[in-house]
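Down below are the structures I want you to see.
You will see two complexes here that share chain A, one where it goes with chain B and one where it goes with chain C.
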Partner chain A sequence: MTGISAIPPALPLFLGALLLPLLGQNMRAILSLGLPLLVLVIIWQVPEGASLRLTFLEYELVPVASDRLSRLFGTVFAIMAFAGSLFALNQARIVELVAALANAGSAIGIVFAGDLLTLVVFWELLALSSTLVVWSAITDRSRHAGMRYLVVHLLGGVMLMIGVIGHVSDTGSLLFTAMAPDSPAHWLILGGFLINAGAPPLSAWLPDAYPEASPSGMVFLSAFTTKAAVYVLLRGFPGADVLVFIGLYMVFYGIIYALLENDMRRILAYSIVNQVGFMVCGIGIGTEMSMNGSAAHAFTHIIYKALLLMSAGSVLYMTGKRKCTDLGGLFQSMPLTTVCGIVGALSISSFPLTSGFISKSMISQAAADQHLAIIWFLLTAASAGVFLHAGIKFPWFVFFQKDSGLRPPDPPLNMRLAMILFAFLCIALGIWPHLLYAILPYPVEYVPYTRIHVVEMLQLLLFSGLAFFIMLPYLKRTLTITLDWDWFYRRLGPRAINRVTQVLSRWHAHRRIDFLRHVGTLFGTLFLYHGPRGILARTWATGSMVLWVVILLGIYLVAYYY
Partner chain B sequence: MRPHWLLRHGTIRLLWIVFACVLLLTVLAGLVMDVHGYFGIDGTFAFNAWYGFVTCVGMVVIAKLIGRFLHRKDSYYDRD
Partner chain C sequence: MLISDLPVLQVVIPLAAAPVCLLLRNPRHAWACALIASWLVLAIALMLVQRVHAVGTLSYAIGAWVAPWGIEYRIDMAGALMVLVVAIIGALVMPFARRSIEHEILEKCTGLFYTCYLLCLCGLLGMVVTGDAFNLFVFLEISSLSSYVLISLGSRRRALTAAYQYLIMGTIGATFILIGVGLLYMMTGTLNMVDLSQRLPEVANTRTIMAAFAFVTVGVSIKLALFPLHQWLPNAYTDAPSVVSAFIAATATKVGVYVLLRFFFTVFGMQFSFDAMHVGEILMLLAVAGILIASLVAVFQDNVKRMLAYSSVAQIGYIILGISMASAAGVSAGMIHLFNHAMIKGALFLAIGCIFLRLGSAELRDMHGLARHMPWTMAAFVAGGLSLIGIPLTSGFISKWYLASAALSGGYWPLVVLILASSLIGLIYMWRVVEVAYFHVPGTMMHKVREAPAVMLIPTWLLIGINLYVGMDASLITDITRQGAEILIGEALQ
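Moving on to the complex of A and B:
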């Protein structure tokens, strides 16, 4: 093993992140665009199987191992790091670029980790670097949201670590292989993975934290954490039934909350949970078709979601506004942003000739092949719901609806180029699905473009569009948020603690005198017996001690005799 | 100043007519195809059309109901 393939794929990104602050603007641009491309080349040079082995204590570590699944995720992460950097060049703070490169590096480290210890290390780095991306917005809101984000993800990391230790003591191996939720250790590992996927009940971290990042920050964030979680679920828990139900919950949670939301980037954040729900459900079904579908959907999702967020980010960057109630009519002065946003919206809705059509259909098809009727009907309803909450709602309220009077131009060149690149990829993958199918983990026999499938999908989507416009009066935006599970730790928890503190301090104020008197009596008694002249602390003659021993032994003898 | 051509009443009317025609076409296209569903009902005429419409209306209604209980002003957490 020589040359470029000997470099761990994540390494250049971490080294680049360290170097970035030391460089001038031009070198920074070259590095943050060049490194992801270098990593992309390395990913395709790493040989299949374990390519780096270490021994730690008596355990075997495999920090770099590759197969088709690792390569698929590594590829899309590298492409994402490139396009994200391109989009961020003119606007992101240096700290954000550093954090984003480390974030991409951590995600790539995870997908090439052959053992659980390496996985945990990159898992924690992923949590820290993504928190730093949130904080890079440098606002009060981002500081608070970043802290809440960090707490949830450190909790996930601790669960994962405890699970890994349990797994090692059960099996004696650190290698990352497929597991089943059959022991407390495996449940903890699964829980740690699911927290990063945005699964209930801790899904609120995602719409809470991501939209507080900068316009470019959220583009990076949308890609790595949740999809790294999808990757580890694909590798670690294929076919775990519980994932089907968790996935379905996420799918509908995302739709309902996005329908109620007013902030354009929070709409898209809820829709990340919705889309990851499709993937989690596919992993739970566990057939080759559904696993392929989940992997393919993660790939296409990263691209169209980043495109949607670039479009929303451009609007935020140019107008400083993020609420649907403040936006509208922007298509007149931001034509390119509008078109790219619509391409992203059509892709997420699985419109024929876009990338979502060739990936999401595989998951529904797998449910049909396994005769899972209820799941199939729910996934089909959810597909219609995606068009409703993201496919039409986002472009309609941001670019059309009422005229807000805002006339910002399209964003600067680098941001436009990043959007054009990803819009092109969305359509290219939709037109030439075999490009993606060729690199999926299992062989693909699925043909997405049959006349029946295209017509059925068009019926489903266009009639859900009709429902949107008919129900439009009920979808009018209001200045509201919707309470989520995070209410328990943002409101109920702090309030309960405040209440307890109040009660205790009131009690303390009332009882202070009594309390001090009791404490005084206690110390007086202690002093009486144990003080310098206390009976128990006095120096006694040896003779008196011997006398007491004789008396005790005498009592013992008498007691024994009887 | 005249509004953008996309915002004129005539254009919007035209868009609705085109949309209605496309909807009709997708439904009629089902007639000339040999649709065979996996679970029975999904193979019937225009299933995806009415199913997409009805479930979307259902999701909006459910969202509104949930919103009644869970909506708060968007400054709700600002005093944290």
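Moving on to the complex of A and C:
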């Protein structure tokens, strides 16, 4: 087994992604299921510390470095790639499988990157491959959403890159070590990381893009990008205070928008922001306990969120409907999907004996241990909110409430198997928490199943459950579209320009058309000067070229004369 | 004996081969002659680089007339790098040229084409190796006159206008350089660059020298197409035959940059150029404007060759930006980008040459679904595009990295943002081509289109290979540019 430990863990997935289009149906299935398992084996064979060193320019690169934290994330990413492929086998397009494997490979590359440059490379690959996953739904909406997704993430990539260059010129080293937000370069790196985590003010990329992916595509997407960001924050900025507030904002942002939302997969997308908020908050608290909690929560979250999305994906795949108002009563014909959806819903609400219970309570406990009373209260209140939007709302409106008359059967075998696997994992981790605790980055003394924890959690859940059904008339989903920060760049921008032109043109009423033509939009202005017929792009008369020569020479001469 | 004659052989071989090409009536024979000459030049360039690396700066007295009386050829590390750039591009476009030229140029002009190509090669190499300011002007004229002819051979009649405008602008540029050199000669009585640099400080504070500096700067700026004096370039690159676009885009403007370096650092000296004349600030301003404006213009172009031409103006901006920082790191970053951009643009224009051969057009609207019919060509184009944008593992990334680091160490934070943000604009204009070629449904005419012949694909991919190699292991090129920059700056400090 010494040979296998020398393979960079991300490599097989990328090679597989390249090979996939050349293979037949059966080989494709074997490859996309076998490779994640192979990677899982490699992850546990790679020795601790740096195992591959390169030099780039005058810097040392460590493309493969392993420790407990990277192994933890690597493990869950590999498991996720396996289950995601299993779920996707019967329905995903080839390009989606290719992109998904590359996506998993980039995420695994990130968690084993020992230096910032390798990190940046995989970071960009992650952005490109997840855009490709969104696009492979091949609809107009997914094309536009993917483009917006790409723009936001390239922006994040540029911020990260500028930060990394600044970091190198400050410290002279490219190694990825813990930093603090204390210099412009580090702020930029933090900003780049946070954009991928779905932090404000650009959180909107996540619920905007993910639900436009195919049913299986969103299962993949939910796992990698945000959790890779959680990993780099854990490694790069442990204990940065600002993360506590950002995390809390994300927690409540997710709850509020999810409660207002009607599209079942958008509900779950908002809930990703909410759950990542818990993790970011834990990183900000910065104690061993809270860091363990964030890492553990990322692990369990990937599994139960994928499970929830598989069950929502199955519903979408079988019915073609995505809005809560169109669905309901599906438990009668989709019993397995219903049960798995409920297991996922209970896990996300941290119901005792599910995986969510053993991880999220660590973060709250860490806040309590640090005597951060307000944060503890907010996190606890948020737990109730999670139960409302994801724990009850999703299964209730999709599988129960009124009967929509739809009677689709459970989805095909591979999709059922994937759901059963993850439902099993959710419960297994809830029953045997030490399995997960043993691989966390720091030693764990926390005992989840004390009487007080269990009673407290059950009280919280039962009362918020009660509240849900009492308030049900108010929560009835109507056909709504919720506005978010992205309204600023998708609506306000164009609208503001319109408004300004109107106001201005009222002053020059007689020149309105003239005015609109000239100012119109930013694009119009750019096009005016830079477009094929713009002054900057069209062919000049030779005389005007020479004029510029004279002007420039004149400037030089006059400047030097004085 | 032969080893010590390398600097002059470099120039003499293409010069001697040029008339032979004209005399050989058969296009095949002319092509073979040019091919052999350009490959010999590459072999000599490689030997030169190795020799400069081993023994340091080479000096060669023409006709054994010792400098400063005779003409001196002088090659240091920066010069060796330039010779290498020109020779690599020259050697790689020649195998490509035969099919492309058969398709784009009338048969009776073919001999003329190869003659002019060799003259242009000779002129460009001469500008690099010469250590004599007037000799520089002579080689500049040789390369310019031959490139006017090369551009005018383009298949569309618009090529004539483009060549004419380039002729006017190029002549003004050359005249300005000549005026500048004349003024310098008037004040110092010497034309040898090293000699000039020693005599100039005594008379540096005269208006004559300042005027000379202004004339040389503006003159060279025209030749290297610095914004806003770039107006001749887009038409010239668009309407020239594909081979000529690739050759000139990759070499001519780069040699212009090298001449600028020579004048600023070797002749006038860094202290005079940057501290007294403040040319750094002016160049930085023009470079920034050029990067932004030309990149934006490129986004809106519908002809891919024209788009690449504007992108060239922006990329020249990056090179000048590095130089304008007037630090060893900045100059070295500029030279790295100079090398990388020559390879990138060479590859991209060759890829467009392949497309032109099969489509007869470089318009975006004719390229719908092209990737299915010319997968290798389009893959090369995408690889070159990625490098142009500066994706890690490509040479473009190395350039951006060094430029950004140099900007940071000089304390220019906004420039770092500009360098990286403008690469996003590059992404937009490359993406437009990718979208059309990969995602659009092929038109009805498309089914006749086949992949380009191997003899054209191999040179294209060799250049892409250099890009990727530099992206993965840049030590060789950064070593050379660091030495080159140190010599340039060191000369200035003495």
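Keep in mind that, in the parts below, the second predicted complex is superposed on the first by the 491 of 562 C-alpha atoms of A that agree within 3 Å, B and C clash if a C-alpha of one lies under 4 Å from a C-alpha of the other, contacts with A are read in each partner's own complex, and residues count from 1 in each chain.
Keep in mind that, in the parts below, a contact is a pair of C-beta atoms (placed from the backbone, for glycine too) under 8 Å apart; a residue touches a chain by one contact, two chains touch by 3 or more.
Bear in mind that the values here come from a model prediction, so they are computed numbers and not experimental data.
Q: Just chain B (first), just chain C (second), both, or neither: which does A:175 touch?
A: Touch status of A:175: no partner.
Q: Could you tell me if A:256 is touching chain B, chain C, both of them or neither one (first, second, both, neither)?
A: Only chain B; A:256 stays clear of chain C.
Q: Touch check for A:371: first (chain B), second (chain C), both, or neither?
A: In the superposition, A:371 contacts chain B only.
Q: Going by the contact rule set out at the top, does A:117 touch chain B (first), chain C (second), both, or neither?
A: The second partner, chain C, only.
Q: On the A-aligned overlay, A:388 touches which partner chain: chain B = first, chain C = second, or both, or neither?
A: In the superposition, A:388 touches chain B alone.
Q: So in the superposed three-chain picture, is A:29 touching just chain B, just chain C, both, or none of them (first/second/both/neither)?
A: A:29 sits against neither chain B nor chain C.
Q: When the two structures are laid over each other on chain A, which of chain B and chain C touches more residues of chain A?
A: B
Q: Where on chain A do the contacts with chain B and the contacts with chain C coincide?
A: Touching chain B and chain C on chain A: no residues.
Q: If we count contacts the way the header does, which residues on chain A are in touch with chain B in the complex?
A: My answer: residues 144, 252, 255-256, 259-260, 262-263, 323, 331-332, 368, 371, 373, 376-377, 380-381, 384-385, 388, 403, 451-452, 455-468, 470-471, 474-475, 478-484, 490-491, 494.
Q: Which residues, counting only chain A, touch chain C once they are in their complex?
A: The touching residues are 56-57, 117, 120-121, 124, 154-155, 158, 161-162, 165-166, 168-169, 184, 526-527, 530-532, 534, 536-537, 539-540, 542, 544-546, 548-549, 552-553, 555-557, 559-561.
Q: Going by the contact rule set out above, which residues of chain B touch chain A in the complex?
A: Residue list for chain B touching chain A: 4, 6-7, 19, 22-23, 26-27, 29-30, 33-35, 38-39, 42, 46-53, 55-64, 66-67, 70-74, 76-77, 80.
Q: Quick check: in the complex, which residue numbers of chain C touch chain A?
A: Going through chain C, the ones touching chain A are 164-165, 168-169, 172, 176, 207, 210-211, 213-215, 217-218, 221-222, 228-229, 231-232, 234-235, 277-278, 282, 293, 296-297, 299-302, 310, 391-393, 398, 401, 404-405, 408-409, 413, 416-417, 420-421, 423-424, 427, 474-475, 478.
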